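Input: structures, listed below.
One chain, chain A, appears in both complexes that follow, with chain B as partner in the first and chain C in the second.
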Partner chain A sequence: MKAFSNFHPLVLFFYFISVLLLTMFTLHPVLLFFSLLGAVLFASMLETPRAVLVSLGFYVPMFLLIAVTNPLFSHNGVTPLFFMNDNPVTLEAILYGAAAAGMVISVMYWCRCYNTVVTSDKFLYLFGKLIPKLSLILSMALRFVPLFKAQVKKISRIQKTMGLYSSESKVDRLRGGFRVFSAIVTWSLENAVDTAASMRARGYGLPGRSNYSIYRFTPRDGAALGILAVLLGGSLWGMKTKVLEFSYYPRVAALSLTPVVLAGYAVVSALMFLPFLIEVKENLVWNYFRSKI
Partner chain B sequence: MELFSIKDLSFTYPDEAQKVLNSVNLTVSEGEFMVVCGPSGCGKTTLLRLLKRELSPHGKREGEIRYLGTLQEELDDRVSAGEIGFVMQNPENQVVTDKVWHELAFGLENLGLPNGEIRRRVGEMASFFGINRWFDRKTSELSGGQKQLLNLASVMVMQPRVLILDEPTSQLDPVGAAEFITTLHKLNRDLGLTILLVEHRLEEVFAIADKAVVMDRGRVLFNDTPRTVGGLLRDCPEKGRMLLGMPSAVRIFSGLNATGACPLTVKEGRLFLKAHASNQACRRIEDGELKPLGKELPAVQTKELWFRYERNLPDVLKGLYLTVEQGEIFAVLGENGSGKSTMLRAISGQNAAYRGKVELFGKKLQSYKGTELYRHNVAFLPQDPQSVFLKPTVKQDFQEICSAMGYEKQEAEGVVARLAEQLEISALLDRHPYDLSGGEQQRAALCKVLLLRPRLLLLDEPTKGIDAYAKNTLEQILKELQQQGITTIMVTHDVEFAASCADRCAMLFHGEIMDAERPREFFSTNTFYTTAASRISRTLYENTVTVEDVVELCSRNGGLQ
Partner chain C sequence: MKRKWTVTVVTLAAILTVIVAGVALFHDRKYNIISILIALLSCVPFFLAYEKKQMKTTEMILVAVMVALSSVGRIIFAPIPGFKPVTAITVITALYFGPQAGFLTGSLSAVISNLFFGQGPWTPFQMFGWGIIGLLGGLLQKWLLESNHWRIRLSLFGIFAGVAYSMIMDIWTVLSLDGTWSWTRYWTSIGLALPFTLEYAVSNVIFLMVLTKPIGTKLQRVKKKYGLDESYS
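Up next is the complex of A and B:
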């Protein structure tokens, strides 16, 4: 199911940076539509469609909120629909608000996908090459956080069974929390002594440390990176040369449908739907091979 | 070939007068499986740590340690780090990174190996240890047993020539421990790896070791094959103390003052008894009467208890019925994840059952208001005694409880002093709780919860991580508390401890308590889940479940022939 996440972290990172950049720097309704649809479809492949539906329950109200807020504050535009407190509420401002809202929601959906696809170790792998020490420290911190949380829970529970810090009084609870915290600090230091010993015992500190990763850059990754670069370049070129420009003020521009613009749409949509299409293709291939067995 | 040769090694910790190690001479040959044992404080951990240069404790050292003929001080850094592997006691603290694959690669990264070679070695070790199933997982999601296997594997990827292990199974449950020991045996047998192991639980290890070293007070008492050592222990002047923790067969052999080859395993023990103690005129030990049941209100009574952690998770307790009379020591045994700890938490009010009821001393759990339940009524000793302490000294922790209980200053001092005396921790009151040994820590934690003056004591795995001597002390303490009228319920994996300590035992399985029985009845009818002594003697006698039982019945029948 996760065909896209099997690409090399570099490809994934490049991809997410590209779509986020494109989404954040445009208000073109068609581009935003592609971006939002691509992100939602991809998310529904990563998570269950049900989870995505549930999440829409949060994002749709948010979309409406942003879309409504803009015309309340911005009164630009030449097509007033009605007046509120003597201020015009214009069609342009509403459409602009809707576009901005679409942009925010798409970015959020892309970030959601990013979180599932680019896991902490992939991120560490990418930046560990630049700063090897930092990547180890981050990795150790990531190990420590769940441990710390579990210990806080354990100690608080035990203190409660001794009838300590469980009264209704807020002061008592605060004091209890503070004591638990100070005990945990001691506990972590104690822990760290053992961890340090275990690191020394396995030769940490010897000169010439190398950095291992389980990721390999394959020709397939190279090809993907090439295609992505072409698509990104095309989109950026389109935005730069105003082919993919759209203006809301003072009057909403008409959508031009010249061959060049259509080509631009094709390039952007290819970029936005790429992960979704890869997942779909992989599913089809899988079903096809299974039917052959 | 001599891998390690140790000559006249002595060691003193800073600020201490007594030598921890006193002129130790020892050689470890290539391919040997050596187990080091002895009562706690005998210096075995110090000895092991001195062998690994990176972990040497600070202090004054005399004598010399050679590795393959080279003095330890002159060893190459990479040889010292890579060829001598060390696994410590606590599975949690040794893990460095967040992902299993990264942990495996950590040592090799330190040695600066290229990516391709790391990939190959990590892959090989992961499949040898059966780690491939959880290779991509986070280390925080692993069980204790898995963590310790991972620690072993991440040392093994560095291809050490000798593996030193300091009580590696003491924090594991019996299943995890057995798996770990089996793996060690496999490493020794199939790869010819030299192994030096300190262990509490000798029942399985003793028979597979090539050499057993017995230490006491910083000296090496015996250093020979386990069989010979088993025989030598019989004539040891302090054999009561030295024999604790030895395999049951060795203890029976020694307790009967037998001669000849010392049996090491259950099978050998059984053959030995068959051959030498064939007189079976008396086959049973009669249990004394428990004090009449049902006259007073039971300490704990649960009816139809149902519990689950989340709505969507399966039930852990499924209609649990349990009755524990006042003044009993009641042991609940069961596999990992059978719900033992959950049950204790339900009794102590930490988990609320969604159906059924709990009555303590005839009063419903819910009718205990505020902190009433935890003062003068129920005390809970958790699996990890460390989590009981919050203060920099044991004494301050006790004082906090005293003030919470509203003792007067003088009264408080008296109570603390008396309890500390009884639990043998008077000398430890000014120490930091984390600096105590496992057994001491546990007694201090017990002391803290006893300051709540409970009528009912709940113990979660009380013998985890403590040695045989501390277990013995704990048993005596629990029996003294029983004399004072305190009821104890413990959940444990430790069949030996339950057999000698409890008044009644019960098995928790499938979320229910199976029938509770007296230990002799309970363990002699089990075939698998029972003590080694019972397995040794079951064809000969009807209900002997501890080493003492076997020795007593054998003597009653006229001793050895």
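Up next is the complex of A and C:
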């Protein structure tokens, strides 16, 4: 179930740009926590639990590495924990490093989600009108990649049948690899020129031609875009007015819990958890309907 | 010519606006976002110039083929990190089709191959890095190719491209950490990335040496066979 990706590409693109912007703008621990949690939860709905666990196995050490090495580059802060090579290792620098690491890893997870949700056809749909020639090149290149991969397999099988590079030696295999590559280059260039001729014959680039797209902007998308814009605006306003600001140096600031700040947290968390909640709701509805059958 | 200047001026103005807005709004602290935007914006004039240019469908498709080839190459060699033919294929395209096609092949290769390797904030930096390498390769075409010492010159260019690419990507490494710039961090990450830099340089030289002449001959042959000579200078 991927309920969130059913929204119009514009909504999806706007969403990812907003969360990435917010995440990269801030070093506020609470906001980063929301962002990281939202991204990881959303990723766990999109990918298998195993894939998410494997990725955590990579990102947790990275988090620790960034947090621990930050004091080596930054000696700000007033709470020295101990001294290394006559340089103080401060509590503030470690916490700052942890926040920075949280930011980097949230960005990574949001990008993982982006890659599954905003597929290349959606991207091309969004930017095709803006950059027609480039998006033609992009979409053709995109199609060529699997085509060439299939062709590489064919050629290498044929070469094997012909008795070429069947030995196990490394040099032989490398040579074989380049032979296949050479064949694929020749084939793909000729193929390209043929494609171009075929496109010209069918009137590519003549005026008055339109193209079909599967996406339609519905009122639901409009509403979603409006809500996202309000949430993003609220979060940015909170940052601009220092409601959602946090400082690490010289001393780690205390987390204030005034109503305004809590409202700010609510806005940001609503934005960060939105796709996860939509997925959860869709799963519930799905299970409910199934239970009725 | 006049249009070229307009595009350059507009881009420079846009980059300046981004910097000024960044300083004013975020008190000069959020280098990471600003640098991503600048890396993206610096690609814009080349893309616009390409959109405006009158060209044959064939030329566009040949660029698409080169982009796809470099992505497939990157996938084939994925088990060896850092050993990728993208730079070499970008340079070869630039040598035979000119600086503009070189920039396009480089920057679009970053977009396409990252669809398989994962997009991220580093994509604009790769676009910019490979694009500029392609542009330079195209501009230096005469010096690089039309000489008896072309092997040496091309190898030197390959080494330069590897180092330059690594240094551009290290800018991103530093900025991604906490959004601020620190020279100590930059030099440290260049030091840590040294094995990769070496690998980039070595693989560039290997790929350039092995691929340039064969691919070049094939390109010339296709040009001759299909009578495309007039469309390229």
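We adopt the following convention: the second predicted complex is superposed on the first by the 253 of 293 C-alpha atoms of A that agree within 3 Å, B and C clash if a C-alpha of one lies under 4 Å from a C-alpha of the other, contacts with A are read in each partner's own complex, and residues count from 1 in each chain.
The working rule: a contact is a pair of C-beta atoms (placed from the backbone, for glycine too) under 8 Å apart; a residue touches a chain by one contact, two chains touch by 3 or more.
On a predicted model such as this, the values are computed, not experimentally measured, just so you know.
Shared-chain residue A:Leu142: touches chain B and chain C both.
Judged by the touch definition given at the top, the superposed model places A:Val152 against chain C, while chain B stays out of reach. Contacts of A:Gly208 after superposition on the shared chain: chain B is touched, whereas chain C is not.
By the document's definition of touching, neither partner reaches A:Phe82: not chain B, not chain C.
When the shared chain is aligned, chain B comes close enough to touch A:Met162, but chain C does not. When both complexes are overlaid on chain A, the residue A:Met199 reaches chain B and chain C alike. Once the two complexes are overlaid on the shared chain, A:Phe289 sits clear of chain B and of chain C alike.
In the superposition on chain A, contact is made by A:Phe25 with chain C only, not with chain B. Shared contact residues on chain A (touching chain B in one structure, chain C in the other): 120, 136, 140, 142, 147, 182, 186, 190-191, 195, 197, 199-200, 204-205. Residues 25-26, 30, 32-33, 47, 50-51, 55-58, 60-65, 67-69, 71-73, 75-76, 104, 108, 111-112, 115-116, 118-121, 176-179, 182, 184-185, 188, 210-211, 214-215, 218-219, 222, 225-226, 228 of chain C are the ones touching chain A in the complex.
Within the complex formed with chain B, the residues of chain A that make contact are 120-121, 136, 139-140, 142-143, 146-147, 150-151, 154-155, 157-164, 166-167, 179-180, 182-183, 186-187, 190-191, 194-195, 197-214. Of all residues in chain A, only 20-21, 24-25, 27, 66, 70, 73-74, 96-97, 99-100, 103-104, 107-108, 111-112, 114-115, 120, 131-134, 136-138, 140-142, 144-145, 147-149, 152, 177-178, 181-182, 184-186, 188-193, 195-197, 199-200, 204-205, 240 touch chain C in the complex they form. Every residue of chain B that touches chain A in the complex is listed here, in rising order: 52, 54-55, 77-78, 81-82, 85-86, 88, 90, 92-99, 101-102, 105-115, 118-119, 122, 138-140, 151, 154-155, 158, 348-350, 370-371, 373-375, 378-380, 382, 384, 386-392, 400-401, 404, 434, 448-449, 452.
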